[in-house]
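Below, chain A partners chain B and then partners chain C, in two separate complexes.
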Partner chain A sequence: MDYSKSIINNVVLININLSEASLNQSEDFKKFLYDTTEVTPPKLVLDMSEIQYMDSSFIGALVAGLKNVLSKGGEMALVNVNTDVMALFELTRLDKVFKIYDTKEEAIEELK
Partner chain B sequence: MVFKSQKLILEIPAQISSYRTFIDTCCNFVGDFEPLSGDFKRLAKFKLVIMELLTNAMKHTKAISFLELEIGADEISIRKIDAGSRFSFLDSKTGKSYCFPLTGFRYPTQMLAVFGDNYSLDILIKNEDLIEFLEPKEIDYLSAHELPENFGLMVIKQCASSFHYHYNVPDGRNTFEVVFNFK
Partner chain C sequence: MGKKILLVDDEPFQLRLMQQVLSQNGFDVVTATSVATAFEILDNEIQDLIISDIEMPEADGFEFRRRLLENNQLKNIPFLFHTAHNKEILIDKGLALKAIDYIDKNTPIVQLVAKVKNILAAVVEQKEKSINELKLVADKLNLKNVPNKSLKLKKFEVDVFHKTFQNHPGGDFIDFIKIDDRYTFIVLGDVMGKKWGAWFFSFTFLSYIRSAIRLCVFDGNLSVAQIMQRINQVIHVDEFLDDIYSTLSLVLIDDEEGLITYSGASDLPLLKFGNATNEITQYKSKGLLLGFFKNGNFNEQLISSESNDKIYLLSDGAIDFEANGVKKTDLGMFAKELKAHLQQNLTFKEITSSIFNNKKYQVDDCSLIQIKRL
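The block that comes next holds the complex of A and B.
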């Protein structure tokens, strides 16, 4: 499976099991985020450790997911973002918009 | 010293299952060009540009296109070439839609062009067939709800020294040209 999820301390931890996150997956991933309704209001931590390459389409899906979560009074955080992917967040200034943590434990502690 | 340029041309199919092969091929091609391959941050931007041009090809071209890389004395040029739909945009002030070849402008003219929901970028219209994408001014998202969900052109511009779109009227060919200058 490309995505898997578990609930830890009332936070949904989503593992993105993709080495390339691009246009090919962006629509499916957006739908997956929209359909993640296990916790209300939604609190999502996205583990991105497997992603080596990401394009702007996938970052667009992340933005859509964030807007959806915020509209429901929830929170969303990203963890384990590699340097190439972080460059994309910095170029789009989205590193100032997303909550980005080094570890999932840290992110879950902040969101729980 | 006479510098002999080198060129690589790759065909981009309408559907790409893996970007990695393209990225690796392009990185191998520039492997001996020290100003790029020897700089980790520049190489990351180069890879991002390749990805964004591939995404652009799949998302908008809907046809076979080509990626052309050329190493010059002090620069690397990357061109995405296709004969698909022409590039179009809206003027943010008037809401008027424009498509190439552009008419009714004095050259050069600068404009804030809109490409999609909440997605705009300054462009310089150089002539009826050529625009340059300009460095975005301070990017400040006032509200998460106003965030755009498209960033491709902005990412390419942020990575490169220059970024142009050219429409070739005689053969209906579109070219996005990205230049990394190392002077």
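The block that comes next holds the complex of A and C.
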């Protein structure tokens, strides 16, 4: 399975088990995020440690997922973002759009 | 790279034999001894053709085919049954599950390879035919999201390089909006996504951008940051674009004063090559993704230029590439390469054909706009 989830302290921790996150997975992933309704309002922490490369389709799915979460009064955070992906986020100000933390524990603590 | 074929068979000997023969004929072959493993492979990489045995323990070939048909991403991969049975009832059952064909395991190797080649060639031909028909319709409707000519002004010359990804139109869109003899806007946007889906939405974004620019100009407003915010406002409230996002670089050329102002929304920095300094400077904007927030935090920067200075706007496809099987996004590397080419006094065409050559595997559609001060 490309994505798995667990609930810790009323926060859904999502592991993305993809090294390349691109167009092929973006629609499925968006649906997965939309369908993550275990906690209300939604509080999602996405562990990105496996992702080495992300294309704009997948970033689009992440942004759509975030907007959906925010519209329900929830929160979404990213953790373990790879250096290359982080550089792209900083370059395009997406680091101002997403909440980004260094560790899962830190993100869960902030969101719980 | 050869076409990718997935072979599914519970007999390892049969699998190895087929893999060897097809690999020798230039195909990129992966194998699975069960339906479960086949799905794991398909989860990681979409294949060009699937050849599956029928009789297998646990899930058989028919079950495999049925599950593929239920999956939107996998249902259109051409599928062949490969079996020792030639009972008509089995063949009928397989073909009813929309399998392209059926190959008898006793078929001589030469015929098997020829059949696989024919099927893949027919699929490619059909796909190209469909794309060409769509392109023809788009051309007839005058639906263009990239201008096909360069723009010559008194003090500036604007050239465009645009390359589609795998010959599919994509989400990059470019426009020159000439207001009068003095002012011209240059637009470069990139709808997040690829191919037809992104291409389709690029026209909606372009329509909003054109209208917002015109309406602001009618009101005497030539601030690119304020125009960006107007564009952002309408996109923010449009439900049709609810989960579709685009970046945007917006440049206003004042051809009388020789000035350029720039504002951006989650776009890549503008690059300026100074003719006197021989150096590249980055101009980063502060604006956020179009339509995500009610207020996109847009700023504007004045970029001065001297004769022969060159300013570049680029989409992310220009800095995305694959080397040694690893995909990367690297602005620094692109800027370095661009600088090296510019220092050799090459033309825009020479630069783009050298940087975006076919040897470097491209992973997205890519665009580069050069604004040269004359």
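Operating definition for what follows: the second predicted complex is superposed on the first by the 112 of 112 C-alpha atoms of A that agree within 3 Å, B and C clash if a C-alpha of one lies under 4 Å from a C-alpha of the other, contacts with A are read in each partner's own complex, and residues count from 1 in each chain.
Convention: a residue touches a chain if its C-beta (ideal position, glycine included) is under 8 Å from a C-beta of that chain, and two chains touch if they have at least 3 such contacts.
These numbers were taken from a predicted model, which means no experiment stands behind them.
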### Task
Record, for the superposition on chain A, whether partners chain B and chain C clash or fit.
clash
### Query
Which of the two partners, first being chain B and second being chain C, lies in contact with A:83: first, second, both, or neither?
first
### Task
Would you sort A:23 into first (chain B), second (chain C), both or neither based on which partner it touches?
both
### Message
Quick check on the superposed pair: does A:40 touch chain B, chain C, both, or neither? Answer first, second, both or neither.
### Response
neither
### Query
Where does A:103 make contact in the superposed view: on chain B (first), on chain C (second), on both, or on neither?
neither
### Query
For A:49, is the partner it touches chain B (first), chain C (second), both, or none of the two (neither)?
neither
### Message
According to the stated criteria, A:6 is in contact with first (chain B), second (chain C), both, or neither; which is it?
### Response
neither
### Task
Of the listed stretches 22-30, 148-156 or 220-228, mark the one in chain C with C-alpha atoms clashing against chain B.
148-156
### Query
So which bits of chain A does chain B touch that chain C touches too?
20, 22-24, 52-53, 55-57, 59-60, 63-64, 67, 84, 87-88, 91-94, 96-97
### Summary
In their shared complex, chain C is touched by residues of chain A numbered 2, 20, 22-24, 26-28, 30, 52-53, 55-57, 59-60, 63-64, 67-68, 84, 87-88, 91-94, 96-97
### Task
Would you tell me which residues of chain C are touching chain A in their complex?
43, 46, 73, 171, 190, 192-195, 198, 242-245, 247, 266-269, 284, 286-289, 292, 297, 316, 320, 326-331, 363-364
### Residues on chain A engaged by chain B in the complex (per definition of touch)
19-20, 22-24, 52-53, 55-57, 59-61, 63-64, 66-67, 70-71, 83-84, 87-88, 91-94, 96-97
### Summary
In their shared complex, chain A is touched by residues of chain B numbered 16-20, 23, 41, 44-45, 47-48, 51-52, 54-55, 58-59, 139-141, 144-145, 147-152, 154-155, 158-159
